[in-house]
Amino acid sequence: MENHLLEVKGVDVLYGDVQAVWDLSIHVDEGAIVALVGANGAGKTTLLKTISGIIHAKRGEILFSGKSLAKLSPQEVVDKGISHVPEGRRLFSKLTVLENLKLGAYPPRARPLSAKSLERAYDLFPVLKERKNQTAGSLSGGEQQMLAIARALMAQPDLLMLDEPSLGLSPILVRTMFELICTLNNQKVTILLVEQNIHQALKIANQAYVLKTGKIAMSGRGDELLANQEVQKAYIGERWSKR
Amino acid sequence: MKEKRAIILTVLVTIAFAIVPFFLDVTTSYFGYFLFLSFCYTVIAQGWNLVAGYTGQISMGQHAFFGLGAYTTAIIWLHDITKTGYYFDPVTMILSGLVPVILAIIIGIPLLSRLRGDYFALGTLGVGEIIKVIFVKGGAFTGASDGLHLRSTVFESMKPYYWTSLFLALFATAVVYFLTRSRVGLALRAIREDETSAASHGIHLLKYKIFAFAVGAFLAGICGSLYGIYLFHINPDSVLKLDWTLYPILMCVIGGTGTIMGPVIGAFFMNALFVVTDIYLVQLHPIVAGMLIILVMKFMPRGLIGLIDTIKSRRL
Amino acid sequence: MLKYLSVGLIAQLLVNGILFGTMYGIAAIGLSLIFGTMRIIFIAQGTMIIFLAYICYWLFTLLGIDPYLSLIIIVPLSLLLGMGIYQALFKEAAALEDKNISLLIAIGLMFLMENLMTVIWTGNPRSILTIYTSLVFRPIGIDLTFTRLVALLMAVLSTAGVVLFLKKTLIGMAVRAASEDMVSAALVGIGPHRVNAVAFAIGIGLAGIAGVSLATIYPFDPFYGFIFVLKALISLALGGIGNVFGALLGGIILGLLESLASFFLSGGWSDAISYAVFLLVLMFKPEGLFVRSIQKA
């Protein structure tokens, strides 16, 4: 039995009476990039929210480094080493870039390293250093996405979860985003990625899962799935399958 | 089946209450007064129940409607507007209920369309205060702070008041009962659960909210009318005090907001509690009221009825 | 009445209004902080102010402690009280979807406290008289009451203190962040209960300062708290929730409004006008009078 960094086992999640996720099991290995892809409403965001503690699973187990995340609140989950960048970024728009970053290092485990984390953030995203005293709400879409990721990194996470980081970005920025994700991964950040942009996501993923209506339809290595006929037809379209 | 049982029970209880005056001298007995007051509170509480329990808006202006009802009755009599000169005149009472309805609609349209939750509660509070000022400043027409004095009532006995209040309490409960089971009630509950969803299903939010608000106002108004006759001296301090909002809220909440019998149970329970505390110290009962509301909200936010439901479902 | 009008009189009314209004202002700031995090209108704020005013009064009457000196006791006391009240009464309710429950608890608290104070301390109005409470300065012919000036000073200092706290400390930033987006705040590690408790504590701390100001300026009784919180709410509505300076300014505007209205109209009407203004602002400009340009989200 391998030791996975994150293990989700047989998880059921409900919104009130409506079931969104059915008996879902995935795992994330340390140092990997794992992609969750699938149509809207397939349960990808729900799964991330369940892992980070915003909602709680009705059934099943979630283990991080072997320890259960079951009863933890979101702020406790962050302190365990999982950072979740939600869909739509959700920055503190009325606070400055610097304030957003500083708050990123709020959890006790990250606070002593706050200054160093800030340096690292500025190295990765020089534009944030330039705009450090501007309010987050005044940044452009791409800059906001970078701030959101930088803020999440301030918590010194062992696992970084990104929900639709390329949403709303121009094609050039999308490419930059995915290059960034690879860079982070090279710096030893394990990444769980939820994406609508299936092509790019599968290209960089070591491991991927295709979700459909709350269940896993397919799983495998990123390049395998990319080459898979069904995946291509269903999600990527005929044009791409010729490449 | 459970429904039939409930209805039969209600009828029996009502009959039981109705025959009390034949066994007890309600004019002199404290118990008679206790029942009278409990019925009155029930009426106002049911009105609040409809607004808060079924549409989810907390109104803190019931005392304004209550006072308005009392004043309307007084003014109608003193100026003999209905030319009836007869003291227990349903026409006067209905008119006294309608005036608050007019107010409810006038303020309801702006308040309910723009304010939510806390803001709405504040808005109704503000309106209540404005009404109080208006009555104090109303000069001879409203008697200013001394208020209006009615000729002391022809009826020396408590019985007519007792039966009227019983009737009103039954009426109020029936109104809530029938409304909630009607299409209107469904719409109201949809609004309480999820406004946006209700709106997207074509439910005209404002119309229904105002309707509930107006019914609540009507109930408070007719109760005010009755109480005004009972007191026969109507002044701002006695009929426009915040207690007339707070106590019914408390009773509804303790019994169970959003249920049909909740306000009834709550009214009797709280009133009984007040009677008990009055034995020790009269000023104690608002303190008890405040403490109770906190405890109930913390530990049984669904009220006594909710508690009973929980116990029943645990036993299953 | 108009023949008594003069510049001096108007100036006097304005000054009185401003000085009194600062008390409404700091009460409003407290309300704003509590609303920002817990999303409820803490309607018992006024009653808390009265309670702390009573404490100030008793410290003076029984122990001879000067009101302004008593701040040393009252401010920490109110901060602790705030934290205690949050833990005991609002902690679980704040986490619920239904905000009405917290609102009802606040209503219950108000009711409980004002009646408890009436029973224990009677409903008679109280005021503090020291050597300086009747001290008045008369520069350029306008009466400036010493105690009101001190109240203004305390208001300005506390406002500055709160602003510094919110801007410069990490926990202050956390409060601001949580006020904007509680879920996102949790995702960066900010626990809702921590920020709620801090905001609440500061809210009551400000009530303590307002209480001391009130005790030295104006006679008070247990039921005045309700009227006071209504005024604080009006100030908050004028200033806009989330805007600390706005709340203070809102209070000052209200003070001015009241001062002028109660001079030109008889007492009761000025209250009615305040409430009417309140309703109008709530309905037509709920974000307050001082909104700056809207930022991109």
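Order of writing sets the chain letters: A, B and C. Residues in each chain are counted from 1.
The rule is short, and it goes like this: a residue touches a chain if its C-beta (ideal position, glycine included) is under 8 Å from a C-beta of that chain, and two chains touch if they have at least 3 such contacts.
Here the structure is a predicted model, which means the values were calculated and not measured.
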Identity of the chain that, by mean CA position, is farthest from subunit B: A
Between B-C and A-C, the pair joined by more C-beta contacts: B-C
Centre-of-Cα separation between subunit B and subunit A, whole angstrom: 54
Interchain centroid distance [CA atoms averaged], subunit A/subunit C, Å: 43
Approximate Å spacing (C-alpha centroids) for the pair subunit B, subunit C: 32
Residues of subunit C that touch subunit A when the two form their complex: 170, 173-174, 176-177, 180-181, 183-191, 295-297
Complex contact set, residues of subunit A against subunit C: 52-54, 73-75, 78-79, 83-84, 86, 90-95, 99-100, 102-104, 106-107, 110, 135, 137-138, 151-152, 154-155
Touching residues on subunit B, where the partner in the complex is subunit C: 52, 56, 58, 60, 110-111, 114-115, 117-119, 121-123, 125-127, 129-130, 133-134, 136-137, 242, 246, 249-250, 253, 281, 283-284, 286-287, 289-294, 297-298, 301
Of all residues in subunit C, those that touch subunit B in their complex: 35, 39-41, 89, 92-93, 98-101, 103-105, 107-113, 115-116, 118-119, 226, 230, 233, 266, 268-269, 271-272, 275-276, 278-279, 282-284, 286
